[in-house]
C-alpha cells in the first residue's frame, strides 16, 4: 500500500533521512521504533508532504505522492496524528473533530464516525464543548486520534502516541489502536520510542538509527531481539 | 455639564468606532493567520472608495436609477477591493512566506505605497467630492440633527457585517478552516486544508469588509483622495492592537473604545491633536498591556 | 567543597502542565554529568530554567563559582536575565543550532567574548590603544579557541556554510569564549554521524581536562553518554527517576522501562 | 507544450490585470462637470505589460525557488570589497574621487551642486538608518522625525537665541539621540513589527505637532530666513554659500562613514548583527538585548538630527511638508535597495534614488511607483540589496 524507496530528507540543514526504504501492506500495523532523533518523525512528515523529500520516492497504491502538497496527500486518505498531538487549542473538542471531517461530504458517514469515536473515547463526549487546549495530555491524545479517524483514513500515521502520557493511559490508547485496526481494517503506521508497546501491537517492525533503518522483522521477533535494546541504550 | 454636547460626542464616537471596526477586522484577520501587519490594508479601503465613486458616476451618467447605481457601486467596491487584496497577497506576501520577519513588513510598506501612487497617477492627487449615497430617511427626520441617516446606516451596516462575519467564522466550513489555520498551520494542512487558499480567502474577506467601510466613510465625509487610507489604516491598526491583535471581538471592542475616546478628546481637548492622542494610546497599550484588552499572551518558543 | 551548581526542588509549570517537577541536581567542579530521559521529559525546559530563558515557578538554582575571586560564595541565579546568567559563568548550546547566520565563523566566536570585554560606543569610535588591544585580544582568543576545537580552517567562512557537525562544534566554541565554569550542552551529537560523534566525544573530554570546564549534557546518543559521563541523571515526566554511575543506569529497570516502555500486556 | 502552458498562464494574468485596473486606469471622471473620460489606450498598455511581466515574474520566482533548493554556494567576496582590499587600486581611486569631489562645485553649476548637497544629506540619513535597520535589524518607520527635530532645533535656537550652525550641529545630534532613547526605551522590549508601527506613529506625532503648534513652529507656513553656516564672519555670495555647504556635507559624510565603519567592526557592531540574527542566542552570549538595541536606535537618530541641521541651513526655510512619512520611506528604500548593513551599498542607493529622479524629471511622477516596486521586488528577489554587506576578513599566522 505504501512504499518508501531510498528516501532522503533534510530537516533544516540536518540530513534526517539518509535513504530509507520500507513497505506497508494493506491492513497491517507497522511500527517504526528507535531512539530519539533517529529520524522517525521526519519520516512521517515526509510522507505527509510537510517536509520535502530531496531524493527517493514515496508510492501510495503504486502512485508517486512525493511531489504533492500536504492537502492533496491528506485527500488521498493518508492521515497523520503528529508528535505532540497538535490539537487546535482554541477550537472545542467537537470543532476539532469537525476539522477531521473537513474533506468529507457524506453527512451520514461523518455522523456515524462521530458516534464511533465518541464510543471509543467516552471522555470526549463529556468534554465536547471544552476548548482543545484545556484538555489533559491523555485526553488530547485521544482527541488527536479521533480527529484522524474522522478523516476515515486509508492509512493512519501515528507519531509517538505514548509521548508524555502515564503508562495506564498509554496502555488504554494502544488497546484502542489495535481495536480500531481490527474493526475497520485500516492500515496503521506507528512511530514509537516505546518499543515494548509498539512491537506488541505491530505485525511487523522496523528499527531506525541515525537516519537509516537497521533492523526489520516481525513484531514478536523484535521484542526479544537484543540488538533492539542496544540501539536504544547504546551498549 | 452640557449633556447634549456629550451625547453628540458619544454618538460621533460610535460612528467613528464603526468605521474603525470595519477596517480593524481586516488587520486582525490577516495578522491572526500570517502574523503580518498588512500596511496596504488602508489602501485597499481607499481603492474601494475610488471604485465606488467611479462606478456611481459612470452609472448615473448613463441614466441608471439612483438606488440601483448606489447598490451597484457598492458591489463594485466590494468586488474590486477583494480583488486587490487577493492580488497584493499573491504578489507581495506569498513569495515571502518563509523569509525573515523584516522582509514581508517592508514588502507590505511597498504595497501600500504602490497602491497610493497608482491611484495618484491614474486618477488625481486632489480631493474628489463624493456624493452622499445615503438619502435622509423620512422616518428618521426628527433625529437627523443629532445622528444623521448616514451615521445610522454606518452603525447598522457595521453591526450586520459583524454578525455575518461571526457566523462565517464560527459556523461555516471555510471559517473553521481559517481558525484552524491560524492556530496551527501545519496541522491544518495535515487535515487536508489548502492553507494557501485559506490565506487568500482571508485577504478577500478582510478587503471586502474594508471596502464597505470605505464607501460608508466616503459618503459620510463627502470627499476622498488617494491618501485617505493611510491615517485611517494606522488608526484601525491601533484599534486592533488595543483590542488584542488576532482577536476579532477584540478588534471591534478596541475600535469602539478608540472611536469614543477620540471623539471625547476632540470635543473637550483639541481636534488638532486627535491623531497624537491615538498614537499615545497605542504606545501606552504596548507598554502596559502588549496583548491588548482581549488578546492572548504568547509564549516565546526556544 | 561545595558543588558548582546546585538545583533544589526546581519546578516549572506551564498552565496546568508540570514540565519540571521538584527536580534536584548538583554538579561538582570538573565533572561531566549527563541528563537523559525520553522525548518530552523536560530536559530542555530544565536548561531554559537554569539559563534564565524561563523563570522557574519554584525552587532554587545556586551556583558557587570555582575561581579564586568568588571562592566559596554561593549565589542564587533563578529569575535572572539570560545575559546575566552567562556573565556569571554558565554558557550553553542549543538543540536546534542557533548560530549567527550572517556572520563569519570567527565573528561568531568573537560574540562569545562579549561578556569578558568592555569597549563601549565611544571606545569603538575613537579606537584608542586599549580598544585596539582589546580587539586584538578578542580576535586572537577566538582564533585560539577555534584551533582547539579544530575549526581554524573555516575562520572567515559564513557560519551557515559549514557542514553540520562543524556547526555544532562552533556552537561549543562560541560558548567557550564566554569563559564559563560550566558548559551546558543540549544534544550536541544530534544529527552527527558516528565519526563526528567520536570527534565530539574527544572534544568534550579535552574541554574538561584542559580547560577545567565542567559539563552538563543532554544527549540521546547513549553510547556517547555512557562513555563520557561520570554521573547520569534520568528524568521522565519532569521528575527524576534515577541517578548514578553509567553502569547503574544501564541496568536500572526503571530507566530501561522509561526508554523501552513498560512491559504491559496489550489486550485486544 | 510548456510554451503553450506558459502563454495560457500569462493570458489569464493579463485578463486578470485588465479587469483589476479597469476602473482606476481606464475610466477618469470629472466630478465637477460630471463627465466621464474613457482611456482605452491604458488598457492596451496594461494588457501588453502584464502579459510579458507575468512571464518574467514566473521565471524569476522559479529561478529563486531553484536557487533555494541547491546547496548554498560559497559566496565570492564582493567586487567593492575586493577593490577596497587592493591598495594599488584603492588608494588612487580614493585620490581620484577626492579630487573630483573638491572640484565638483567649480566644474558644475550651482544647480548641480545643490542637487548634490541634498543627495549627500540623504547619504548621511541612509547611513544613519542603516545602523538601525541594516545592522541591528530594527524597522524604524519614523526616522524622519529625528531629521525634523534637528532642523527645527537649529531654526528655533537661531531665531530666538542666535545660536550658530556649528553649535547647533552637535546639539541637533544630541537632541535626536535623546529622543531616540526616550522613545526607544519603552518599545524596544516589544516585537519588531510593533516597533515599526510605534516609530511610524512617532514620526506622525512630530509632524502633526510641527504643523499645529503655531506659537512655536509657526505651523504649516514654517520658519524662513534660517542663516547658512557662517564662514569666519565673511558674508558669502549665494554661489559661494552653496559651495561651502557642499564641502561641509562632504566632510560630514566622510565623518559618518568613518565612524560607522569603526562601529561596524567593533564589539558593539558585532553585537548589533548578532541581535539581528538571533535574539535568544545573542542573550545567551551575555549580551544585554535592551541596551544594545537602544544604543543602535539612539546612534541612528543622531545622524538624522545632524542631517536635519544641515538641511535647515541649506534650504534656509523649513516647514512640516519636508518631514512626511514619505521621507522616512525614501530613506528606508535607500537602505533596502543599497544593501542592508553595507556602507558602499547605502551610499550608492542614496545617490541612485535621489539623483536619478532629479535627472529624469520627465518620469518624476513615477518616482513613488518605482520606489514602491523597489521595496517589494528587492525583498523577494534580492533581500540583501545591490551591494551585499561583506563581513570583515581576519588573517592569522598559521
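Brief remarks follow.
Per-chain residue numbering starts at 1, and chain names A, B, C and D are given in the order in which the chains are listed.
In this text, a contact is a pair of C-beta atoms (placed from the backbone, for glycine too) under 8 Å apart; a residue touches a chain by one contact, two chains touch by 3 or more.
For clarity, every value in this text was computed on a predicted model and none was experimentally measured.
Between chain B and chain D, the least number of touching-chain steps is 1. Set side by side, the interfaces C-D and A-C show unequal numbers of C-beta pairs in contact, with more at C-D.
Averaged C-alpha coordinates put the centre of chain B at 49 Å from the centre of chain C.
Averaging Cα coordinates per chain places chain C and chain D 42 Å apart.
Chain centres here are Cα averages; for chain A and chain D they lie 52 Å apart. Chain A and chain C have CA centres that are 33 Å apart.
Shared interface positions of chain C, defined as residues touching 2 or more other chains, are 53, 94, 160. Residue positions of chain B touching 2 or more other chains, listed in rising order: 302.
Residues of chain A in contact with at least two other chains: none. Within the complex formed with chain D, the chain C residues making contact are 51, 53, 81-83, 86-87, 91-92, 94, 98-104, 106-107, 110-115, 117, 119-121, 123-125, 127, 131, 134-135, 138-140, 143, 152, 155-158, 160-161, 174-175, 178. Those residues of chain A that touch chain B in the complex are listed here as 48-50, 69-71, 74-75, 79-80, 82, 86, 88-91, 95, 98-100, 102-103, 147, 151.
If you check the complex, the residues on chain B that touch chain A are 173, 176-177, 179-180, 183-184, 186-195.
Taken together, the chain C residues at the contact with chain A in this complex read 16-17, 38-40, 96-97, 160, 164, 167, 187, 190-191, 193-194, 220-226, 237, 250, 256, 259-268. Contact residues on chain B toward chain D in their complex (touch as defined above): 36-37, 47, 50-51, 53-55, 57-58, 60-61, 76, 80, 83-84, 87, 91-92, 95-96, 99-107, 109-114, 116-123, 128-129, 230-231, 234, 237-238, 241, 272-273, 275-276, 278-280, 282-283, 286-287, 290, 300, 302.
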